[in-house]
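Each in structure tokens, the structures are laid out below.
Two complexes follow with subunit A in common, the first pairing it with subunit B and the second with subunit C.
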Partner chain A sequence: MTKPKVAFYWCASCGGCEEAVVDLNEVVLDVVEAVDIVFWPVALDFKVSDVEALADGELAAAFINGAIRTSEQREVVELLRRKAGAVVAFGACAWLGGIPGLANLSSRESILEFVYQGSPSTQGGDGVRPQEETEVPEGRLRLPHFDETVRTLDQVIEVDYYLPGCPPPSNLIAQAVMALVEGRLPEKGSVLAPDVALCAECPRAETKPQDLTVERFHRPYEIVADPDTCLLAQGLVCLGPATRSGCGAVCIAANMPCTGCMGPTSRVIDHGAKALSAIASLMQAREQDEIAAIAGQIVDPVGTFYRYSLPASLLHRRVAANGARSAAGEPVGAASSGGDRS
Partner chain B sequence: MSSEILIDPITRLEGHGRIHIFMNDEGSVDHAYLQIPELRGFEKFAQGRRAEDMPQITSRICGVCPMAHHMAGTKALDDLYHVDPPPAAKKVREIVYDTFMVEDHALHFFFLGGPDFVVGPTAPKAERNILGVIGKVGLEIGKEVIGVRKELRDLMTEAAGKAIHPVFGLPGGISKPISPELRDRFVAGAAHAVEFGKFSLQVFRDVVLSNAEYVDLVTSEAYTHRTYYMGLMDERNRPNFYDGRLRVVDPQGQEFLSFDPKEYLDHVAEHVEPWSYIKFAYLKDVGWNGFTDGPDSGVFAVAPLARLNAADAMSTPIAQEAYEELFSTLGGRPVHYTLATHWARLVELVNAAERMGELAADPEIVSPEVRTIPTETPTEGIGVVEAPRGTLIHHYETDERGLITRANLIVATQNNAARIALSVDKAAKALVHGPDVDEGLLNEVEMAFRAYDPCFGCATHSLPGEMPLIVEIRDLRGELVREIRRD
Partner chain C sequence: MSEQPFEPRIVAFFCNWCTYTAADLAGISRMQYAPNVRVIRLMCSGRVDPQFVLAAFRDGADGVLIGGCHPGDCHYQEGNVNALRRFELLRPMLRDLGVEDERVRLEWISAAEGDKVQRVCNEMTEQVRALGPLRLVTPKRVTPKRVTSPRVTSTWTVPVERADELVGQEAR
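Showing the complex of A and B:
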């Protein structure tokens, strides 16, 4: 009997999802027993041409991590979609956009400007920037096109399943791979993780007051947090109430608050909005100025609540700089019309 | 007839890249370009974020070396908030960092770079990987490699929250002290790591040094460049991965610079080319004189061989022996053979393992005093560490609320980028002839970059990033004759 074939691929990502697969440790050997990995650039020397040579649908599954930002990434994931029976959006970036998705707060032009001219160590006085085509003495060199925004995988191709986390926890990866191999397919569109909030599995759950309210939010470096008490009850912004469990509460075990990498539960459309409302509802204030004072303690709401999910959110991106941020020089709205391709 | 070869993507590295080789009428290589086709924009979207979130945000530049970014970021926060962490906090950070260094170097040797030697540079591509290595060394040893790596990853998880994307770094310290029980596990882990390091060095001797063909390959002119070398050194000019002064030696091995990392802008600058998204760092003191080596070129190297070249000695006994063996075997310091980086990496693996043991034996490491609460207004902070693949610089400026107004990051692979470009070009010129180029030969071109353990994900943090590899062969009219891609 031939083993089912699977592929792993990365897009706009960091390689942490690949490391998470390596972190299956000896279970990797079981996986290799059960499946043929026919494409995995971080570890194996197979090429895109090897994938092109497969019949359509020949891959049992393609595990794709990373968000989508370039023409090249689009082409490869479209190819993998054709070849794969099931596509799994692997990790927070593929599912929700992830931390690289915060780039949707900046225009493409402002990124290029900073990197190749503005940064203090760059000698960019002559205005040289990378080009999609460059004539060199020996011929012509090409680079892929960068899209205007970061997109999630299911904004580009059809996705069958989602594995949450930054990176996905090893036990969830192992369960997902084996379920697919053994044909125990869950309902299409499923997120392959427990569907309850982190607070439900938090070892500090018992110390979370029923009627929790917060009068002052602290930043993590401002206090020494008690290692056994609910972090929200200590005034730290912990996204446990709004975030899916399944991670083993490892950040809490390190005495640091949840930042939301596991994304929302199935009942939530917009993770950032849910997190924002979960925290806002705790604010112990009645008057407008009291509310403003407490809310003002959360100095970076987008980076706090939408840290992993901006491209998937109802906001998707920032389209115009507001007054408070215009000092950072972000002509985002102008750039969205295109024409900034240098 | 002239032509082009495209290797796309290059493999067994972190990130995406391609190699574009131009051939001339005589069938030899005119020029080989290593291109990085991606970028992500971290420095830009860092603006407006809370400074204390930077160690967690920037770790997403690279999931292979998240601990390096987390640690450089955390040290930058100490500087930003003008706060000195308690001794125990610094020691815990360093032991966790050394644990990471052992694990990451092992990953490269057994999973990424090592298969070229253990399985063979021109072995079938389906076997040139960790599974091929296990096939060669046996399942029992394979399981041992996996087992040691797991033990080290578990220690990192316990102390830092997560091995991939740690959370424990705060300005002025760490979020949690280590318990005596965890310390005992570090003691045991360090002992296993030292044994593992000695075993790995023996594998290198048995597989590479005892094979004349491999020794010829390592010492061949095709993989040699005479450049400057940089590394972070302790007060006795021995490599320290967590802290110290940056030392640069010239191509003769003489000290050229020794400076406080906070002065990096005086000595390191970045050059831009239109054909790649990566920026090429060079020594400002020498200047950018194009893609060339020698004392008049500001091109320099970082990573294991560069650190050893820049060092007067190693800080621990077994590593010191291994350091001496390396230089006496290869003709004295500095060694310019890029492929010797694989050997230097294992010398460092042992060094980090021994340093883990020293720190675990220090009674102060279990002190509960691991936080100094910042009281001063944040302004500007710089943090530098040695990532496994070389010097890593984080530089933040904030407003009075500690929100980032400007971030500048220079990562290891950018420091190496110009030398990597030289290496790929030189190897291609030496190895590739005629239009009928087989896949094994192209893998030998890839070995020229793989030795650096490059992280093109890191290097393209500035835009949305990844790295496939392409080799194109074109004729004089620019017609594509052959394209070899790994995406």
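Showing the complex of A and C:
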């Protein structure tokens, strides 16, 4: 019997998801025993042409991590979609946009401007930016196109399953691969993780007060958190009540609040809005100015609540100001979005 | 592009007990106000999930107005205070996302204040008109969102001590 073929690919990501596969440790031997990895640019020397040579649907599954920002990423994931029976969005970036998705707070132009001209460490260059095509004596060089916006994988190709987490916990990866091999995957579109909030598996759940209220919010560096008490009760913004469980509460075990990498449960449409709702309701104050003051203690609401999910959110990205109102004729977001958040 | 003047679309979430009744009062008193406001009646301003506000923007609203009872008058004790708590956090977040403050507004309007409904709706319509349309750029979703889903996929419940017990509760 031939082993099912699988592929791994990375897009706009940090490499942590690849690390998570390696972190399977000895379980990776069972995985390799069960499947044939035919494409994995980070670890194995196969080329895109090897994937092109496969028959359509020949891959049992493609595990794709990272958000989508360039033409190269689009081309490869479209190719993998054709070749794979099942596409698994692997990790927070592929599912929800992840940390790279926060680039949707800035315009494409302001990113390129900062990286190639404005940043303090950039010297010289005379404002030259990489071109998509360049003629050199040896021939024509090509670079991928840098898209206007960061998209999630399922905004580009059809996705069958989602593995949440930044990176996905190794037990969930192993379960997913084994379920795939044994052909007992759930309904398409499922997120392959428990569908209850993190508070359900939090080791500190017992210490969460019945009527939890917060007098003021702290940032983690401002206080020494008690290692046994509910972090929300200590005024830390912990997204446990609005985030899917399945991670084993590892951040909580390290005395750090949940930042929401496991994404929302299935009843939630917009993770950031729901997390904001959960946290806002805890504020003890009742008067408008007091409430506003406490709300102001959360210095970066978008980065706090949409840390992993801005491209998947209802608004998707920072709204460009009206052309009519911008003096320069360019969307105002281009000039201001980088600066006004510091 | 047609040359039609911009007419703002404003979605209003009014609570059943105060603001919606005030809008009724404005109606039976034959008060004229901007027809740009589309009212959605909820039992309480505390029912306004921030997702509703974002969904309104996503589906074409240029502004969102929330109306509730004055503090202390809430039919459900303090649903309106909860609305205020969410609003005070939602507005700065929307500001960072490029949505101007004038596009989201929370007002306390009692059942007797039909004239306030008239004034607030007119004011907000003019403010949003001055801002122009909200220009959202949202990608099409290639993968259809699953409409229904099992509340718990037990296969995927990792062995966690209290999970089974909690899962059982959810199912019931």
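The criterion applied here is as follows: the second predicted complex is superposed on the first by the 316 of 342 C-alpha atoms of A that agree within 3 Å, B and C clash if a C-alpha of one lies under 4 Å from a C-alpha of the other, contacts with A are read in each partner's own complex, and residues count from 1 in each chain.
The rule we apply is simple: a residue touches a chain if its C-beta (ideal position, glycine included) is under 8 Å from a C-beta of that chain, and two chains touch if they have at least 3 such contacts.
What you see is a predicted model; the values in this text were computed from it and never measured.
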Superposition on subunit A - do subunit B and subunit C clash or fit: fit
Subunit B versus subunit C as contact partner of A:105, first or second or both or neither: both
Subunit A residues touched by each partner, larger count belonging to subunit B or subunit C: B
Which of subunit B and subunit C A:274 touches, first, second, both or neither: second
Contacts of A:246 with subunit B and subunit C, given as first, second, both or neither: second
Touched partner set for A:210, first subunit B, second subunit C, both or neither: neither
Which of subunit B and subunit C A:194 touches, first, second, both or neither: second
Included angle at subunit A between vectors to subunit C and subunit B, based on C-alpha centres and rounded to the nearest 10 degrees: 150
Partner chain in contact with A:154 - subunit B first, subunit C second, else both or neither: second
First (subunit B), second (subunit C), both or neither touched by A:295: second
Contacts of A:179 with subunit B and subunit C, given as first, second, both or neither: second
Subunit C versus subunit B - closest C-alpha approach in the superposed model, Å: 9
Overlap of the subunit B and subunit C footprints on subunit A, listed as residue numbers: 105, 300, 302, 325
For the subunit A and subunit C complex, residues of the former touching the latter: 105, 148-149, 151, 154-159, 169, 171-172, 175, 179, 184, 186-187, 189-190, 192-196, 200-201, 205, 245-246, 248, 266-270, 272-274, 276-277, 279-281, 283, 285-286, 288, 291-292, 295-296, 298, 300-302, 305, 313-322, 324-325, 333, 337, 341
Complex contacts: residues of subunit A adjacent to subunit B: 10-20, 22-23, 25-26, 28-29, 32, 41-49, 51, 66-67, 69-70, 72-73, 76, 98-100, 102-103, 105-106, 110-112, 114-116, 119-124, 128-131, 134, 136-141, 143-144, 146, 150, 166-167, 219-225, 227, 250-251, 253-256, 259, 261, 299-300, 302-304, 307, 325, 328
Contact footprint of subunit A on subunit C as seen in their complex: 49-51, 53-55, 57-58, 71, 78, 81-82, 84-86, 88-90, 92-93, 96-99, 131-146, 149-153, 155-158, 160-163, 166-167, 170
Interfacial residue positions of subunit B with respect to subunit A in the complex: 4, 8-9, 11-16, 20, 22, 30-31, 33, 35, 37-45, 47-50, 52-53, 56-57, 59-64, 66, 77, 81, 107, 111-112, 125-126, 128-131, 142-143, 146-147, 149-150, 153, 157, 160-165, 167-168, 170-172, 175-176, 264-265, 268-277, 279, 281, 288, 371, 373-374, 395, 401-403, 405-406, 408, 410, 443, 455, 457, 462-466, 468, 474, 478, 484-487
